[in-house]
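Structures follow.
Heads up, the next two complexes both have chain A, just with different partners, chain B and then chain C.
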Partner chain A sequence: MIATSDKWRIAQLDSLAPEAFVEITYKVTEPGLQESAVESNNGAMSFSDHNNIVDMTGREHQTYATLEHNLWALGGDHELLPNVDDTGFVSSVISGGDGSFSTSPVITITLDALHAQAIPGITITWSTAYGEYASRFRVRAFNGNTEIASQEFENTSVETDCQIALSGYNKVQIEILEWCLPNRRARMERLFLGATQTYNKNNLLSYTHKQSADLLSAELPKNNITFSLNNADGLWNPDNPSGHIRYLAERQEVRVRYGFKLDGVIEWIDAGTFWISGWDTPSNGLEAKFTARDMLEFMSDIYTGPKKGSLYEIATAAFVQADLPTLDNGDPRWFIADNLKEYMADFSDNNTDYKLAEIVQLCANAACCVMFQDRRGVVRVESIRENSAGYAIRKMISYTHPEFTLTKPLKSVSVNNGMGIAEHSASGEVQKLENSLISDETRANHVAEWVRRTLENRKIISGDYRADPSMDVLDKIAVESKYGTNNAIYVTEIEYKFAGAFHGKYTGRSTDFDVETWYSGELVSGGGVKRA
Partner chain B sequence: MAIDALVYVNGYALPEPSTYSGNTSTLVDSARNVSGYMIGAVIRDDVAKVELTWRYLTAEQWAYVNKLFSRVHGGAFINAVRFYDQTAGGYITRQMYVGDRKAGMWRRDPQTGAVLGWTDCSLSLVEV
Partner chain C sequence: MLELITDRTARDVARLQELNAIGWDNMNDAEKAEWSQGSKGAYNFADLNRVENAVQYIAEHLREYNYPVELLEVRTWKAADVPTLTDMTRYLENIRRIRNAFVTLTTTPQVPATMKNLTYTDANAIEQILFDVDLLMGNMISSFVQCGEVFGGEL
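Presenting the complex of A and B:
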């Protein structure tokens, strides 16, 4: 479960749930563009951290004392240098009495190559720490020494969306002509080569979010969204020369969050980070449809890393080879549990071409772990969470009674053609598992027993309900049946549809934990229940 | 002293209506749960609609009102409407579309044949 407030959870049990929201933020840029940028300038202070202003990270900036007007140390309101992690760009020149500069600070972004793909502009964050900004500046783009675009902007905001279509460029310059205050240095915290667009329920015509994850890591997890936007004005038509379609590219980042209006304030939770994988914008259509997928979109190359080592090392090599984009704070977009360091694998005599995602999946399977992408957009390989907050899909919020299906009875589990065996019953199906990253009998037996314990729970339960989108795959929840009993399941599939309100479908496999102990029946809030 | 108009459409005052009724809707996505009880989720709160009627308007007045919503006469189907909202308890401005404009002819001038006025004129404005 994604952490929410008590108000959120209580609201889920009302006959009338509060107004719900979906917000999609789409970064319109060229994948890899930020990473290829190098910054230079015509004069910066010694404490200026301008080398990393062009990246995707969202750092916190602090105020610090300088000798600029009203920025003296004696007030006690500001940090002292060098106790500040990140200052961003700070110009060496100070603005005059009218805010203009004797020599305009110029920040130059040089790119590794000529970029033909169009971007709709650049986004500049001036100084959120001080609440200051350039009140007048000029953006210029070059192909070598040839200027291909130039535009002057007047501005009253610390974050400026500069709409200037760029294509066929390898250098961008920002010339700061006037600062919002006199006697101050020009500052820039961040520069994003591209634009950010936000869509909400006012623009969305449809929205679906599907997630699935396998309890045994026998299949790759899936996490994707599809949504459609109003295209009545032809903004997304492929043949519209001024339309947005020219900025659309695969693997552009999309972030989604869900919200409920509680006591007049919208409480938001992360819904996920995705990457555009396809779109359908028929010329005569009234809507434009988009699909965005999880991080595994980036992991379809053939694995070329080491074939011998700990599962941790092998999985890490796969992630490194995938060269995944980082999180906002610069951290990698993967997490591998430490217990994978304990298990060794050697598949050097196996010539199968495994994809990167498959290698990670096999590592997860061999270590008895699950694999999924969390809501921050991090692919995780870890033991299944035992500490899910108690949550129940109660009859009260169910549109259908839960459907029960039973899998075939299990006789035994065989790993790698008998390298490991776990017997279960005298008759039934023999479940076979092949994993070339399970290299020894001890591990094979361990995995076989883990599979047996998972599959002995034969009940698959599914249903439709008024969804609380804080529920995630692999959550351990209770489902209230027609007879009032509570069935404990691990959620393996969820589908959220949003058409002004959330509808949900879930599927899960029963687990052997004592649900009546776990589910004390005491409601703490919403669909949630308090653990005994 | 002339009082301010009750309803403005794109900044143009409507004649003082004879009746004015307000309607506030909560849009709800609702269905029955497995026990047969209604459960729902709010899609949108406080969607306003106002209905106006005039017992009598001159032909010029009714044409003036109609042209505000006629695209061929420079008007629009959806307009910024300032009106008295029963929920807000005050005047608010919202984007609203117009419903059917309906009126009955009062009479014609027996000498010239000119239409002299309309009775029971009505229209509604609904928040988009």
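Presenting the complex of A and C:
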């Protein structure tokens, strides 16, 4: 479960759900563009951290004391230099009595090559720490020494979306002409080469979010969204020369969050980070459809890393080879549990061309772990969570009674043609598992037993419900049937549809944990239950 | 008598934040004048200089009356300067030395531990210490016996 407030959980108990929201933020840029940028300027303070202002990260910036007029407010939140992690760009020149500069600070972004792909502009974050901004500035773009675009902007915001179409450029300059206050240094925390588009329920015609994860890592997890936008104005028409379609590219980042309005304030939770994988924008269509996928979109190359080593080393090599974009704070977008360091694998003799995602999946399976992408956009390989928030899908929020299906009875599990065997019953199906990263009998027997224990729970439960989108795949939840709340499952598939409210579908496999111990039967909030 | 500021309030800080949020272009003339003259809700170079000058003045006065006090460097600040942790540690140490060199009132505040995350109460405390020491010095000096005879009651 994604962490939410008590208000959120209590609101799920009401017969009428609070107003719900979906917000999609789409970064329109050329993949790899930020990474190729180098910053320079015509004068910065010695403590200015301007070398990394061009990226896609969202670092927190803190206030610090300087003696610019009225800057060091006595609110108890100003750090002292040099104990400040990241100041961003800070000009050496101070604005005059009217906010203008005697010598305008100029920030120059030089790119590694000429970039032909069009971007709709640049996004500048001035100073969120102090709530200050350039009130007048100029953006210029160059191809070598030839100016190809120039535009002056007036501004009243700490984050400015500068709409200036750029293509065929290798240098961008921002000249700060006037600051919002007199006697101040110009500051810039971040510069994003591209534009950020935000869509919400005012523009969304449809929205679906599907997630799946396998309890045995026998299949790759899936996490994707599809959404359609109003295209009545032709903004997404392929023929529209000023339309947005020219900026669309695969693997552009999309972030989604879900919200409920609670006591007049919207509480947001992350829904996920995705990357554009396809779109359908017919010329005469009234809507433009988009599909965005999880991080595994980046992991379809053939693995070329080491074939011998710990599962941790092999999985890490696969992630490194994938060269995944980092998180906002610069951390990698993967997490591998430490227990994978304990298990060795050797598949040097195997000449199969495994994709990067498949290698990680095989590592997860061999280590008895699950694999999924979390809401921050991190691919995780770890043991399934033993605890959850005690969520229950109750009758009151179910649109249908839960559906029950039974898998075939299990006789035994055989790993790698009998290298490991776990017997279960005298009759039934023999479940076979092939994994070339399971290299020894001990590990094979261990994996066989893990598979047996999972598959002995034959009940698959599914249903439709009024969704609380804080529920995630692999959550351990209770499902209330008309005979009482006595079905405990691990969620393996979820689908959220949004059309003004959240509608959900779920599928899960029953587990052998003692639901009566885990679940006291007393509903406490938001479909949640009190843990025993 | 030294001119010191010891009456800053949360309202001063809030007012400064209001003015900053308005932005220069949207301020009316009265607001521009209010912002320009320097807010009591902020710590400006003039505040640092006022305190540094007072520290120096009181130290000289203390020495004059045989209360030895040795100060660390005292400096003059400009708007373009950036006070560092080292500078501000030195700044507070001078306040501490003044406080320790003479008697204080029971109500005289302690020296703030740091200038990091400085609040208006911390800023008031710094100047209140100087004010109290200066006041008590003045009281002492005014009660000194001048040359001539001492009279008391019917003696």
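Here is the rule we go by: the second predicted complex is superposed on the first by the 523 of 532 C-alpha atoms of A that agree within 3 Å, B and C clash if a C-alpha of one lies under 4 Å from a C-alpha of the other, contacts with A are read in each partner's own complex, and residues count from 1 in each chain.
As a convention for this text, a residue touches a chain if its C-beta (ideal position, glycine included) is under 8 Å from a C-beta of that chain, and two chains touch if they have at least 3 such contacts.
If you're wondering where the values come from, they're calculated on a predicted model, not measured in any experiment.
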| item | value |
| --- | --- |
| First, second, both or neither for A:Leu16, with chain B first and chain C second | first |
| Partner chain(s) touched by A:Phe502 [first = chain B, second = chain C, both, neither] | first |
| More chain A residues in contact - chain B or chain C | C |
| Which of chain B and chain C A:Leu81 touches, first, second, both or neither | second |
| Partner chain(s) touched by A:Val38 [first = chain B, second = chain C, both, neither] | neither |
| Which superposed partner A:Val320 touches (first chain B, second chain C, both, neither) | neither |
| First (chain B), second (chain C), both or neither touched by A:Tyr399 | first |
| Partner chain in contact with A:Ala232 - chain B first, chain C second, else both or neither | neither |
| Set intersection of chain A contacts, chain C complex versus chain B complex | none |
| Residues on chain B engaged by chain A in the complex (per definition of touch) | 27-29, 31-35, 37-45 |
| In the complex with chain B, residue positions of chain A that touch it | 15-20, 261, 395-401, 466, 482, 499-503 |
| Complex contact set, residues of chain C against chain A | 8, 12-13, 16-17, 19-21, 23-25, 35-36, 38-39, 41-45, 48, 77-85, 88, 114-120, 122-123 |
| In the complex with chain C, residue positions of chain A that touch it | 45, 47, 65-83, 94, 97-99, 130-132, 135, 156, 180-183 |
